[in-house]
Amino acid sequence: MSGNTIGRSFCVTTFGESHGPAIGAIVDGCPPGLEISESDIQADLEPRRTGTSQFTSQRQEPDRVKILSGVFEGRTTGTAIGLMVDNVDARGRDYEKIKDRFRPGHADYAYQQKYGIRDYRGGGRASARITVATVAAGAIARKWLHERLGLTVAGFLSQIGPHRLECVDAGAARANPFFCADPGRLAELESYIRELRRDGDSVGARVTVRARGVPPGLGEPMFDRLDADIAYAMMGINAAKAVEIGDGVATAGQRGTEHRDELTPEGFATNHGGGTLGGISSGQDLIVHVTFKPTSSIPSPGRTIDVAGAATEIATTGRHDPCVGLRAVPIVEAMLLLVLMDHALRRRAQCADVVAGTPDITR
Amino acid sequence: MSGNTIGRSFCVTTFGESHGPAIGAIVDGCPPGLEISESDIQADLEPRRTGTSQFTSQRQEPDRVKILSGVFEGRTTGTAIGLMVDNVDARGRDYEKIKDRFRPGHADYAYQQKYGIRDYRGGGRASARITVATVAAGAIARKWLHERLGLTVAGFLSQIGPHRLECVDAGAARANPFFCADPGRLAELESYIRELRRDGDSVGARVTVRARGVPPGLGEPMFDRLDADIAYAMMGINAAKAVEIGDGVATAGQRGTEHRDELTPEGFATNHGGGTLGGISSGQDLIVHVTFKPTSSIPSPGRTIDVAGAATEIATTGRHDPCVGLRAVPIVEAMLLLVLMDHALRRRAQCADVVAGTPDITR
Amino acid sequence: MSGNTIGRSFCVTTFGESHGPAIGAIVDGCPPGLEISESDIQADLEPRRTGTSQFTSQRQEPDRVKILSGVFEGRTTGTAIGLMVDNVDARGRDYEKIKDRFRPGHADYAYQQKYGIRDYRGGGRASARITVATVAAGAIARKWLHERLGLTVAGFLSQIGPHRLECVDAGAARANPFFCADPGRLAELESYIRELRRDGDSVGARVTVRARGVPPGLGEPMFDRLDADIAYAMMGINAAKAVEIGDGVATAGQRGTEHRDELTPEGFATNHGGGTLGGISSGQDLIVHVTFKPTSSIPSPGRTIDVAGAATEIATTGRHDPCVGLRAVPIVEAMLLLVLMDHALRRRAQCADVVAGTPDITR
Amino acid sequence: MSGNTIGRSFCVTTFGESHGPAIGAIVDGCPPGLEISESDIQADLEPRRTGTSQFTSQRQEPDRVKILSGVFEGRTTGTAIGLMVDNVDARGRDYEKIKDRFRPGHADYAYQQKYGIRDYRGGGRASARITVATVAAGAIARKWLHERLGLTVAGFLSQIGPHRLECVDAGAARANPFFCADPGRLAELESYIRELRRDGDSVGARVTVRARGVPPGLGEPMFDRLDADIAYAMMGINAAKAVEIGDGVATAGQRGTEHRDELTPEGFATNHGGGTLGGISSGQDLIVHVTFKPTSSIPSPGRTIDVAGAATEIATTGRHDPCVGLRAVPIVEAMLLLVLMDHALRRRAQCADVVAGTPDITR
């Protein structure tokens, strides 16, 4: 109950800290018979690895995943899948100077207040490094959802600082370190990040993710709505500050006649709602936006207190991302995959034999 | 698991439909010894009642709550608290005309696809009427949180259509049907709603809620973060399309030096983060914004399909709110109270005897 | 989390006390489309009613169940089913004399230690009266399991005090107040109970329940084994002190060659295991035994303490059963039905499309 | 939800198979600040190791536990604790001959029916080897419960085949391979096991465990009763067929005047109930008995079917225990510790500030 598990039917429980020996996950509830290999999972881990470009953290982690259980002769057995990734390039000594003071905007202070103790090395459990476990688990969900339902999930960077970015070519997003789906603007982003580095500063970002092929009927009617569980999953990513479905915050300014997505025998006429109706998937594309605050660990000095409560100053050096949002796309995709997988299984539990009695206009 | 329960330590499970005989909740995990009466709960139900102004639905429901268990001689016993509110002014016949077709933007189509059957009367389980149960449960949380922790929660309408509204006087919000905390702008809002009614249209809105007195240390480090659970709770409210914590979507455009809330011995210098660090409460005020889409049930005709899949048209008459966001403030407050109560108890489970070892700068 | 909910996929949450206004349940996760009526449920409530024979409590409760939600036009909709039964014959005044002292063997003392407050009227939440809610929920599970899987559950009294009873005629068990499946021994039981009443004493009992038509593959491999969840459910019934599967305690004295149920193409050769292998249903009949301690509320005076801790004496009059085990059969059946229903749905979530690849020798 | 997690507030999730690379657990919800080391855990693992006497399986596993997270500078941090034990002496080839046929009494057939695939090597996930993870997690619970509450848990073998054994010297149980607390009977047991080996047979057993220092007030009133959760935990151990609390199955034959434990200012006069009242701990010693069926993997040939459903015969050689109950004592202890730890934390969540208002006669 201490919050290291996500999901009800497809459950992922993780462990690990930034500078401990390893990070891992237990995936519980995966349907048996799914072909899965370490290289299938590795393919999803690559995009979130650090040290692969000059625009992200320089920490060198191979992120090699090991499957420790739950797979036999190349197929899932239906029992718990143990996944592990060793931490290879941990440098605990880098953090001696933040041992006794709290980084503004970082989890340091809150952890100390909650637990009375904290693993200050690299942010401990609060590090974005931990998301390697989530992404590994998401890769299993991705394979099943694609094979059984034809469902795909793909994200891109839709804003960084003042730059708003469109999805011109979805496939391009995984081909550059910015997850930018508008290749014509890469030079602009490169110089922007260099400027940030020069200023010793960081910046926020917004990521957009779209799931295609979502069957209608996923999500529960009251609290575990599909959009509610997505909001929970996304807001649980490090540095997330906002989650929007479909037109999101813009709907506050819309009229009903403008927002409602009319139904026609050929499908929905528009998609302002972002793929849910009453919290249940409509079969339309699912569209989610997540906003990330700027990285709190930055070289620019700021005011803070030390553990004794005295005023002091802090400047974080070490190997940090100037924009955590840049590497968030694979994580956002993984979280969406986990939620969709969970609800796909939940739907089978209750509604495996339902006949809708009305045509599915999204197929 | 079908999503009618919220919370882990303080659990609320609800039942009921818009036009069934009654709506109710079971509140499980409430600490024993809390003085609570039906009138304590009633006080929280009043603000969300319909039929009390011309600006909301004209359905006349007294919303009288009955406590059926869990309270003995005026105090909670620690066992399950049963709450029930009768539906008095249900008019099932109003809905005959939508029986065979789906309202655009409404849950109708998704329910039919999921379950193959739906209670079409007043939206059934998808109706905002159901929130009477959540608000009743929230009233119990409110009392405990205030008595034991001095914690208070208050919300207001921060946007409706093109009108953005400030919190000039928090106390004023409950004194008008718009939950507007800027009394000088009431006339403007009244004429705006009248115009909407005239146009047979509806509009979106944004609600802001603030919790004061939140102790630091609430929320789990990985998935059940305080902000994640808040996002889950808020996105689970009917018509919610976005949840923001603190500066929310604006943080995508902020720099680290601008966003980070510096710590001083006298407290945090700013509150861009909205009260959480690493998903755990910092002791700062908790600030949450929820955006609601426009009501989908509107008189303006729109294109849709019937249950056989044929193209047709629909215009919803009946007793609907022109802006569901208008009555959302008590619901948003209740959801936040439920999440805070749950995490207050969860914190006791794991950390009842923690000594923080560092001063709490928020007290 | 305070333990008023049972089940993961088919979840039942209950409220109510012996002498409160009503007892109820919320059934969450029921598949949609099931035909169910109040009279279907009533049929399962009748056998556990008090006041219907001279051998049980004389409390007169009609136990009329009301369906408050989740059923529309005679079919389940897939949303939460609210059930309620009014308490009609509560006599709170009967309990004034036990207000300040604890009945030996009763929950009184433990409740006081845990909560610091207790509803002493009729045992409050600890009363067997509460099981009316569980039995009502079990009736829904019974109908679905029978209609969809052909599964049936039936129990009988297998021991009361020194009398061990066989299942001579399973159908006879519901035709007498002892749930005795050996009609030739009814006179013996009647005189035994009369003797107990005369002595102001009570006695323990053992109930046996058998499920036929259980599909193989129900139950999880590690903790939520089918037998573990059954043990949990049964030990959660008032006064239960032992749960056995198949040969139960006798297996301590068995050899492997004697116990193991050999497989043949025509089925299992024997059924010592009681229907589970590795915690998962084998397709054999499921056989469960539950032992109940003697009723603690008896007229024979005993030593106890009062709330101040001083030595005193107590004798419980009022309307009590001389043997709680006598009315336990419908409750044991209901608990088994709830567990089987939950696992039937859970199996669909994970394994809906499994092909066993080996013949099912139990069909 | 697929049953690899136990506990609500202190949650243990495990992974691993008998012949996979490793077995592990994630312990979630441990209070921060607890001093814990790998050697603390190792001390609990030793008693359940195989290969340490001629009376158990000869598989040689060092069972070295590694702490992978959640502990910093020797103390728990409150975040997820990752534990791992490598499998060193796996011999998959031993199992080729059972690949295509099902051992009577073993999980083989049920797994195949459920999942359509099974890791047949050493029983895969159904192997008692997996309990190494549970015992490791239990060691953490043991340390906290002892340090904070003074609570201790100790078990012994109370029956094996026809031999019933008393607890003459509780401390002696860990000093012999039979966990026999009556040292005078060791020679008798040794010759009994040798006889079983000679016969190519196995035998059942019964284990008794006692917890001292349990505070009153643990356990929930309805479903998650302390005894219900104990029954769930114990019946979830491999080969368990019965769980009894206190006088257990014998209570069916007891009268109320005999069974009820009278209260006196100096404590309870007797302990027939085994430490719970109404499912809540009374503060008396908690007494639990678990019965284990005979090992199903035995050399004596028996009838079975192959995967195609044809009749065949099987005889299991390999390295098996002639009596699984012999090594069950550390596992039974661990399960009880996990349940008590979970409820100790759950009690804090709801009742941290309760004043009982009546003396605790057990202290």
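Note that the chains take the letters A, B, C and D in the order they are written out, and that residue 1 is the start of every chain.
We take it that contacts are C-beta pairs under 8 Å (C-beta built on N, C-alpha and C of every residue); 3 or more make two chains touch, one makes a residue touch a chain.
As the structure is a computational prediction, the values presented were derived from the model and not from experiment.
Chemist: At the subunit A/subunit B interface, shared numbers over all numbers used: above half (same) or below half (different)?
Modeler: Counting which numbers both chains contribute, over half are shared, so the two copies meet through the same residues.
Chemist: Please tell me whether A-D or A-C has the greater number of C-beta pairs in contact.
Modeler: A-D
Chemist: List the centre-to-centre spacing of subunit A and subunit B in whole Å, with centres computed as mean CA coordinates.
Modeler: So the centroids are 26 Å from each other.
Chemist: I'd like to verify one number: the distance from the centre of subunit A to the centre of subunit D, where each centre is the average of its C-alpha atoms, in whole angstrom.
Modeler: 38
Chemist: Distance from the CA centroid of subunit A to that of subunit C, rounded to the nearest Å?
Modeler: 45
Chemist: Hunt down the residues of subunit A that sit against at least two other chains at once, touch-wise.
Modeler: In subunit A, the residues touching two or more other chains are 1-5, 8-9, 14, 29, 32-33, 78-80, 114-117, 125, 221-222, 346, 349-351, 354.
Chemist: Please give the residue numbers of subunit D that touch subunit C in the complex, ascending.
Modeler: 1-6, 8-9, 14, 102-117, 125-126, 130, 159-162, 196, 201-206, 216-225, 227-236, 238, 240-249, 251-265, 269, 272-274, 276-283, 291-296, 298, 300, 302-305, 307-311, 325, 346-347, 349-351, 354-361
Chemist: Once bound in the complex, which stretches of subunit C touch subunit B?
Modeler: For this pair, the touching residues of subunit C are 1-5, 7-9, 11, 13-17, 20-24, 26, 28-29, 32-33, 66, 68-70, 72, 75, 77-82, 84, 114-119, 124-125.
Chemist: For the complex, which residues does subunit A have touching subunit C?
Modeler: Interface residues on subunit A, with respect to subunit C: 1, 8-9, 29-33, 78-80, 148, 221-222, 345-346, 348-354.
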